[in-house]
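Just passing along the structure, written as structure tokens.
Chain lettering (A, B and C) follows the sequence in which the chains are written, and residue indices restart at 1 in each chain.
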Amino acid sequence: MSGAVQLKVTGPLAFVTLSHPGKFNAMSRVMWRQLRAAFEGIQQRSDLLCVLIQGDGGHFCAGGDISEYASFRFEEASLHDFHENEVWGGLQAMLDCDAPIVARIDGNCMGAGLEIASCCDIRIAADSARFSAPIARLGFPMAPREAALVMRAVGELTAREMLLTAAVLDAQEMKQRGFLNQLVPADALCAAALARVDRIKPLGPRAARLNKQALRAIAQIPRAQAAIDLIANAYAYAASAEHREGVTAFIEKREPQFAR
Amino acid sequence: MSGAVQLKVTGPLAFVTLSHPGKFNAMSRVMWRQLRAAFEGIQQRSDLLCVLIQGDGGHFCAGGDISEYASFRFEEASLHDFHENEVWGGLQAMLDCDAPIVARIDGNCMGAGLEIASCCDIRIAADSARFSAPIARLGFPMAPREAALVMRAVGELTAREMLLTAAVLDAQEMKQRGFLNQLVPADALCAAALARVDRIKPLGPRAARLNKQALRAIAQIPRAQAAIDLIANAYAYAASAEHREGVTAFIEKREPQFAR
Amino acid sequence: MSGAVQLKVTGPLAFVTLSHPGKFNAMSRVMWRQLRAAFEGIQQRSDLLCVLIQGDGGHFCAGGDISEYASFRFEEASLHDFHENEVWGGLQAMLDCDAPIVARIDGNCMGAGLEIASCCDIRIAADSARFSAPIARLGFPMAPREAALVMRAVGELTAREMLLTAAVLDAQEMKQRGFLNQLVPADALCAAALARVDRIKPLGPRAARLNKQALRAIAQIPRAQAAIDLIANAYAYAASAEHREGVTAFIEKREPQFAR
């Protein structure tokens, strides 16, 4: 089992569910490809008015599936392919989606989960949700376009805090910092997310698509030139000792020993 | 009566009042032209140290004057002219004003009101004020430059929430989200706004103008190229069924029926 | 005595201390040059994992050393040289630093202090700290690149409020507005800053440097073209009556009389 991204359509609504039992829905490579396929499918259907994205079993998504990392992360070409094609392929498909996307966030929203949430229009979270991007523990940086996306959504202060100090922030703090639209008790999360979907349904669907197209062009996330310029050398760290030690130590359940 | 924007100068202070009795100061076409004239006049007087903009009768401004919409919104050329010349003419004159602008906001601050408030340097609101841009109910999107302006002022999270879910946010939420400098009880609003003007008066007036010119250039709101690039096709929805149904239903005081 | 910026290295940590006794650590010209030298030195040592910057004696930094101003501010060439070479030289060296920078902020954080804090990755403040940039009282504007830097860090709402109304904001307000990562009681500030440094130490140091390089490129603060374009004429106010009156009045401890 390497997890799955499930798409279910009910009338004018699409439900996308991240599911990776036992791993807090950590994104495997196949899940990134399924995420892309799900949103490319949604985008081709003009009858869909709203997308709700959620995680299975009390968590949104705890990051990437680290058990796969040793098989591709330590070689520059395969690492580049993973981030620029698989991960960004999924995120870009979300950013390109013209239907409003509501994120229902509970439990862990970390790394890949934070990136996926950053592609959503509306973010509603359980007050017990937790947010972070602690990859500095694993000895590697966030890919440039992913960093540009997250920095825009969480703000520069929070992006620096998460990436440089591996900080874990609670839902109250993320609401106060402007990442979340609404906080509710965990047992009211499902109802609150559906209530938001119900608010969107009667509104003009073409107006929504035109608004999303304009906001996307103005925000210019997918095409931030500075981020794209960085990509040429962004994965040269693939074979570095730090990267290898960080990922290996995690897999071996021990503290990493980074050389200074 | 189609409302008026009144300019009154008292010593070094300019007072601009949005007034449209019975319509919560909704902006008519003539009011947009008067708004532009008022701020162009202010800009030509280097003796003015500060501008206070406010609404009449307990509200800031509840949006556009929808009773006029049927006469020009359903034809692309006249819709383009309305947004790019009349509306943007008023907003651009505010953005081009070198004197500091303080907004005194009570009651409804919606649509056009939100756009006007977004052009101000300082925003002081009654704790009972309400904010929104619910035009998706009317089946049309926000014009690109107006969306860029509002997104910059309210933040991307709030812009998406207002435009895609027709959310109405209260003053406490808008303070927390970084749109308002100060919240006061409604009966203290006038005094708080005047106190802010009094803080500005003794400061160096040329320093203020140089600061505003620099902040305007850095923020680059009026010239955001992505927004301008969108304008060519931004009004092609003029004759669409959704637009017509949304506006017509509002005028006929019934719920709109949008085709999917 | 014209103050000093002290650099002390302890193992993998660098401590930078702003010190100007009796002047709340106001930055003199020699201090700006020392700030640059300190951070250029830090940047050349790949063994340093984190920088902590702080002020001496219960204050971070209260601004520039106004007692020096009469000697160079009233002539355009020397004013240009001060801002673009001395001040920006120090700030640019901080922005170019690849090691994470934690700011420990207590007491006054104003003008130059606010600019220095804006170059840091993490900002931890005493709940009694105060923030402002009240140079409009002195009859001069913030230099363009400094304004771009501060606007990005404090947000446009707060930058306008500080520059146009000489507002002083308390630490709670600055936390709420997204400038501060963490607030603590003054007597817990030192421990909180060191705890943050301890969080950073075990993380991957090359990951941190790559993250900082990417975030810097994405944020594009040092190279914001609009700000650079303004520089050509940004200091033409040097000999103006307003500038001279503002600075002179401050030095003479009287209220300035600005002509309208």
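One rule holds for everything that comes next: a residue touches a chain if its C-beta (ideal position, glycine included) is under 8 Å from a C-beta of that chain, and two chains touch if they have at least 3 such contacts.
The model shown is predicted, which means the values in this text are computed figures rather than measured ones.
Engineer: Compute the rotation angle for the C-alpha superposition of chain B onto chain C, expressed as a multiple of 5 degrees.
Structural biologist: 120
Engineer: Looking at where chain A touches chain B, is over half of the residue numbers used by both copies, so same, or under half, so different?
Structural biologist: Homomeric contact, different residues on each side for the most part.
Engineer: Using mean CA coordinates as chain centres, what's the gap between chain A and chain B in Å?
Structural biologist: Computed from C-alpha means, the inter-chain centre distance equals 34 Å.
Engineer: Mind pulling the chain B residues that touch 2 or more other chains?
Structural biologist: In chain B, the residues touching two or more other chains are 176, 178.
Engineer: In their complex, what parts of chain B are in touch with chain A?
Structural biologist: Result: residues 135-142, 144, 147-148, 151, 155-157, 159-161, 163-167, 176-178, 224, 226-227, 229-230, 234, 237, 240, 242-243, 246, 255-256, 258, 260 of chain B touch chain A.
Engineer: Touching chain C in the complex: which residues of chain B?
Structural biologist: Going through chain B, the ones touching chain C are 12, 46-47, 49, 100, 121-123, 152-153, 176, 178-181, 196, 199-200, 202-208, 210-215, 217-220.
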